[in-house]
Amino acid sequence: MTGVPAALREEVDRLKLEVAELHALLPANGLVVWTAGNVSARVPGADLLVIKPSGVTYDRLTPEAMVVTDFAGTLVEGDGAPSSDTFAHGYVYAHMPAVGGVVHTHSDFATAWAARREPIPCVLTMIADEFGGDIPVGPFALIGDDAIGRGIVETLSGSRSPAVLMAHHGPFTVGRDARAAVKAAVMVEDVARTVHYARQYGEPERIPQDQIDSLYARYQNVYGQK
Amino acid sequence: MTGVPAALREEVDRLKLEVAELHALLPANGLVVWTAGNVSARVPGADLLVIKPSGVTYDRLTPEAMVVTDFAGTLVEGDGAPSSDTFAHGYVYAHMPAVGGVVHTHSDFATAWAARREPIPCVLTMIADEFGGDIPVGPFALIGDDAIGRGIVETLSGSRSPAVLMAHHGPFTVGRDARAAVKAAVMVEDVARTVHYARQYGEPERIPQDQIDSLYARYQNVYGQK
Amino acid sequence: MTGVPAALREEVDRLKLEVAELHALLPANGLVVWTAGNVSARVPGADLLVIKPSGVTYDRLTPEAMVVTDFAGTLVEGDGAPSSDTFAHGYVYAHMPAVGGVVHTHSDFATAWAARREPIPCVLTMIADEFGGDIPVGPFALIGDDAIGRGIVETLSGSRSPAVLMAHHGPFTVGRDARAAVKAAVMVEDVARTVHYARQYGEPERIPQDQIDSLYARYQNVYGQK
Amino acid sequence: MTGVPAALREEVDRLKLEVAELHALLPANGLVVWTAGNVSARVPGADLLVIKPSGVTYDRLTPEAMVVTDFAGTLVEGDGAPSSDTFAHGYVYAHMPAVGGVVHTHSDFATAWAARREPIPCVLTMIADEFGGDIPVGPFALIGDDAIGRGIVETLSGSRSPAVLMAHHGPFTVGRDARAAVKAAVMVEDVARTVHYARQYGEPERIPQDQIDSLYARYQNVYGQK
């Protein structure tokens, strides 16, 4: 291992703490079981990322347990093998410079849409707010080469949505930082569930495009604290 | 900011405590994710309300974090931008003098009915008790002007129900105080879920109107402690 | 109030503790929201029962808050109005001498079957074990006279089941003591949910009657600690 | 009782602790209600197993409460009657030498598929990873003789899956140790739920067999820490 550059030490330690704390939000929000799911953060100013080790249960994901890798998934710091999804995270960072955080889960309802390869239609103001339109489906891709990463990047590049439903697999979400990506992971499951229930007794109408645009612009620019 | 009148100081502080505690009931009852949802209370004797700040997560909603605004949503006291739904809450207080509390959530099952623009039929004694009949649907309205507030007021004015399902958006509930509005938010989700499941294998019969009237009168007048 | 006879003092205090603790199992098992639901215990050797007060939230249901009434629901000891379902509980104790505990909830899936007036068919070994056959539906009855109590007693008298689904209302369960009635309330919701899901893609076959009889006999006589 | 051989004392005590802790994961993961469900571990080097006592609630399942039996279910050490499913566990250990742990639950969605006698099709990468193909259904078998054990062994012998859905009853899972069997119990419920939801709006395609093989090989050999 080449190790973390000294100039990034403090930032990497801060990110390990943040990524560890954000992992706890996945089971707390009912998005994962056992060791499934992962959160990563880009290390600003370096081709490095912080992620959890592979196959470790959520109660053991302390800041010290987090690992650092390069964008090819090669271990740079840490005691365990990195998450087996690390290469997909790295591909996203390498190809989407504005992305600072990536999350992957198998959350039930989002994965149900993904299993059918069906996008989630924009029938709720909450979808317009956060996703800016329909939530798209990505290709079916096997783990092991760059197919998953490419599928994520190509799908998200043509969309405002920070979430993509990878076919037969589950959602990946991105954000300007890891916390924003976790937020998108929480919200994609919530709207996947609500629309699943809604359409059981009649297909809800899509919100007109100009009103989606208006809702999205307000939420991205006005909502929250400045 | 003009500030809170000195004569209302004690009452406003009491309401900040109450509204902060009531916010904790929204995630505890599974009605909200992330920063969605809000509870407000009218300040008796003034055109003021207490509500949460915009885009703040539930674990940070202490009494001190609550903000005070007038009915147009202008900040009167507090450190953060008020909830982006504040103007809708204010409109309700301005036009429904008996209302002392307002709650808004995107709870899954109530929002599913709202996405289809379908009222919840009064097929359970629990609906007759609390809502006095079918739970009505309000119009689709964009955030930003008084359209949401007007939709709530116009829909609730023609109904005994303390809950309205705003189309493609989610439920708003009202009560004589903020606690009663939270109760209605909890119950509308519970009955939305139960009736969703009930009708999957055959449409349940509506309870006859005279029996709805009888159940509603008893629950409003006899139930609970005097 | 006539008060609790001195000879029953110790037993009544023990039952208040037990009934208070059992109430906590209703929200812990997801069977109730807000103030809905209630548990009672018969006071052995007297026409008395212990139950919760009306409209009080679960976090306040201490042993001291429990009330004692006769079988007509008249308050004998305690500070609050008894649960508005007390008369139904009392009717059951008056007419079913082997029953020592009664529970009522509006748990979602059991109430969904009740809304359709549809019995839960015995398609699972768990239903055969605990309920000894289909779980029956009782009549639609308004609160206020003995109609609910009579509906429970008449339905359960023709069945091995400790649970009855009261139409448009929710489940009532009975047991040799209050704990057994709570167990039946937990299990009726669990099987109501499982069979709801099971039949979505094809109606499961009913277990043959002789095998139901065999499972029921074993579970009632062999299961658990002697 | 013949008792535990002195040479196995330490190992049996370690397994009692492990089996007690693993039982706590069943309610924590929403797989069981009341006293349903059980976990066992094989005692290496002996025809013995460690399991919970029958009909005891989860909050009382301390290491000391665990019991030791032989593969015929005869009590060897402990104060209570063993789980009524002990004979089925013992049959599995006697006939599947590689199995070190067995779990049984009535988890809702897995049991729903079992009630219809329908295997869970391999339409998710998570199913390919953990189960290596469709999750099979076992026969309907009454408790009391070796029919359940035989049904489990015969079904699992023809499959890579560590889970079998016993008809009208619920899932049994196996693993190299008790923890692996609990993991399979958690995952079979998760995928049973996701595929249940997925197919509601169109049957998802099965993953091609060669890709299932590839996913399964990777997950079994590469995933996790070495």
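Going in written order, the chains are labelled A, B, C and D, and every chain counts its residues from 1.
Assume a contact is a pair of C-beta atoms (placed from the backbone, for glycine too) under 8 Å apart; a residue touches a chain by one contact, two chains touch by 3 or more.
Keep in mind that this is a model prediction, so the values were computed, not measured.
At the interface between subunit C and subunit D, two copies of one sequence, fewer than half of the residue numbers in use are shared by both copies.
Mean C-alpha positions place subunit B and subunit D at a centre distance of 45 Å.
In this assembly, the C-alpha centroid of subunit A lies 32 Å from the C-alpha centroid of subunit B. Shown for subunit D are the residues that touch two or more other chains, namely 199-200.
Pairs of chains meeting the touch criterion are A-B, A-D, B-C, C-D.
Across the interface of their complex, subunit C is touched by residues 29, 123-126, 183, 186-187, 190, 193-195, 197-202, 204-205, 207, 211, 214-215, 218, 222-226 of subunit B. Subunit B makes touch with subunit A in their complex at residues 33-36, 53-56, 80-81, 84, 106, 108-109, 111-113, 115-118, 140, 142-144, 168-170, 196, 199-200.
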